[in-house]
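Down below are the structures I want you to see.
Shared between the two complexes below is chain A, which has chain B as its partner in the first and chain C in the second.
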Partner chain A sequence: MIEKLTSLFKGFRDWVEGNGPRPENEGMPPEAPPPLPFTLKPPTAHSARFHELTIRERRRLWLESYGGDLFSSLYVGIGILACVLFVFVLLAAVAELPPFGDPGNPANNEVVQRYVERGGRETGAQNIVAGMILDYRAFDTFGESVVLFTAAVCVLMLLSTVADDSSSRTAPCRFVQNSGLTALKPVQNSGLTALKPVQNSGLTALKPVQRDDAILRGVASLSIPIILLLGCAVVVEGHLSPGGGFSGGAILSAGLILCANAYGFDRVHRVFSERTFVRSSSGALLAYAVMKGWSFFSGANHIESGIPTGKVGNILSGGLILPLNICVGLVVAGTLYSFYALFSEGEI
Partner chain B sequence: MIRLVLAAVLILPGLLALGAALLGVYRFSTMLNRVHAAAACDTLGALLVLLGLVVLSGWNGLSLKLLLTILFLWLSSPVASHLIVHAEVRTQPHLAQSCDLMEIDGQGKLREMALTTPNEEN
Partner chain C sequence: MVASTGNSLFAVEWLLLIFLIVCAVFVSCARDLLNAVVIFMSYSLIMAVIWVLLQAPDLAITEAAVGAGVTSLLFFLALRRVDRIGHSQEKKEEHHD
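Coming up: the complex of A and B.
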């Protein structure tokens, strides 16, 4: 019994470590792969004018290289069948939905009633959704912000090239060598258009890097202030109107990304460097945790929390919703922008 | 009724332009041609359709928002196409085989680009 268990465990360990056959196949003769229903020819080398061909010609080429009519017809037939089946499943699900607006629907329970009837008075937020996600369910929103922050930290750890020495500076694109069309190396500090053709890769006939794009800069100088202002307004007015930390933070990061594209990452570094990112994100999360922790603590122990809800409709109302929205907006804006900067530059 | 007819006169050509853009994206063979069709017709089509909607809704806050949408689309859509084309010109190694490449010299004049096609060496 014990021997059997040991051998099972050994087989499992071999399987996990990748040496030896899978445990269920142990002792069985290796099977020959089943014969293919069509002859597999090696793909013909794509000619240089391949990109000029129409889609139909490309399809013909593909069929000639990869298989016969059997495969293609099977593929198309199964694809159509799967699509039709999926459509039927979805339609059946829609047909099974309870009627819209029926008071007997399972979604209309006491939770919704409480939110609708007393949400404004209890949270002080005109926007009931903000009252829900940042007051009744603030813990959930906190988790979402932490998820975003953790993702940003992981990407920072994987892609950041700042702390390393100069030999590993091209770490995010270490497949640059010998890769033909994709052999583009991001140039430091020069934005989206800063793709420099790598030597000896078929791209030498291209123009040198043109760093300033007048069209993009003109439009960016018009729109960046509006975008940033709109982002701030959406964040700050989250408890009064649709919007809030997540959408406002996304708008803010879009403005930052546009600025980085048009004027280069140096320009953004002046207002938003890696230090600012780390401090603002972790500070916002800490502030969120402290504020909401106090709120939960006082609520659970039936103490007066001392947070005024204010008059519904004023900008200074809604208790903790306004500062929490600002915290979430900071985290989201920093995370989205740092994703972009890390993937394109390797540093924030 | 007059408003409806006016809106239809604006919206239907707009839809026609958008359909032409769609057709161009599928029918043209090279990427630059496709972007050309899509960018030009998109801008015109969006303008006409949104103007038709403005006519339908009359003068109110909604039409102001629609006008702002037109402004934003006219700012952003051509620039986006420009950047896409820029990226294509930078990264497509076989560009010279499908079109004539010109470059702008220091005086703003167009001249033929000096090409060293790497494929002929092999």
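Coming up: the complex of A and C.
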């Protein structure tokens, strides 16, 4: 325990002093600490000259010989002290927070009152959170979806192996093993921005070994339908029960990833190819933009869509919330799955 | 700090919070990166349960799906990419062949 604590403290000190990563972790020879600038031997009290010095000179000498150590220990001590002080300040701030669920909290203002009192009637959503994020504040959710989509596009641009001419779809993996490190080597292709796979003769591409795992397949065959069904239910019932497009889309993508791991990416590719991804994601985003951007031009405050809200609690209620949830779910599911596929295989 | 309705629930909440802090500390202390990811997964799972107890089921579902599920999957993938997991086993298999 004490050894662990001392090693932890040593690692922390290394990190504070910028000595790089823990040497033990990297399997490298332990790095000697850099010599301090002041390596003079302090004059001993027995030397003849020491008695002739004044107190001030003695102090200067001591600082010159021990100053480096003093500085580093002071540095660490002050750092720890600052951290502890910061923690206490934060804890004090937390202690000053109003109690949880108190009706007199400053967060309980007229906005919350309006949402709670009239949210169901105005949005037609039983799940008031869905009513908020997809009706009152639908444009924020649109921004979130755009952020995810942009991230997916960037990953696609960086990691995709699809060349400019779509006929030459080559080896899916362009990670090159380089002396223990996996280096990304994009090759500029004579004016083309397309990234061609690097194929070095002696180096093996890092394709994950596809093993015939009976246990994984058995569990997957049982659980994948349940997972996908649950994802669809969470997306479609977003306005009735907890959940919604984002969480449902994440569940769907988890099911797809499990399918890809158990049965191989080709199996998923039949259902969800890159073309499907591009079309569904951009189509869903466009549909979202049209549905919610339109309310800007109509002058409504994001609520009056012209679609009847229906009876609260029915599946076909809530006006635009159901299609918006489906759009967000499509974008999220496609994006998260494509992240996994791109990082793993180099293509969707 | 935490909404509590009964004494037993209160105890469960404190237990979960303590476990959460333990997980958070041990994620940063774990030498093995695979262990760190697994502990991080359990952290997300505990957080999801706490969200349910705080009556935020929306957040609980998202935390369980994204935090415990997809994020950890991406972490595992990254570890495989940098040869931190699955390397030795594959080497063994190569020797067998």
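Definition applied: the second predicted complex is superposed on the first by the 203 of 348 C-alpha atoms of A that agree within 3 Å, B and C clash if a C-alpha of one lies under 4 Å from a C-alpha of the other, contacts with A are read in each partner's own complex, and residues count from 1 in each chain.
The rule we apply is simple: a residue touches a chain if its C-beta (ideal position, glycine included) is under 8 Å from a C-beta of that chain, and two chains touch if they have at least 3 such contacts.
Because the structure is a prediction, the values reported are computed rather than measured.
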item	value
Partner chain in contact with A:V129 - chain B first, chain C second, else both or neither	second
Partner chain(s) touched by A:F297 [first = chain B, second = chain C, both, neither]	neither
Contacts of A:D213 with chain B and chain C, given as first, second, both or neither	first
Touching partner for A:E52 - first (chain B), second (chain C), both, neither	first
Partner chain in contact with A:S223 - chain B first, chain C second, else both or neither	first
Chain B/chain C common contact set on chain A	180-181, 206
Contact footprint of chain C on chain A as seen in their complex	8, 25, 94, 100-101, 127, 129, 175, 180-182, 206, 208-209, 234, 242-244, 246-247, 250-251, 253-254, 257, 336, 339-340, 343-344
Chain A partner contacts - residues on chain C that touch it in the complex	1-3, 29, 31, 57-58, 60-62, 65-66, 69-70, 73-74, 77-78, 80-83, 86, 90, 93
Residue ranges of chain A in contact with chain B within the complex	48-49, 51-55, 180-181, 184, 192-193, 195, 197, 201-207, 213, 215-216, 219, 222-223, 261
Interface residues, chain B side, partner chain A - complex	26, 29-31, 75-76, 79, 82-83, 86-87, 89-94, 96-98, 103, 113, 115-119
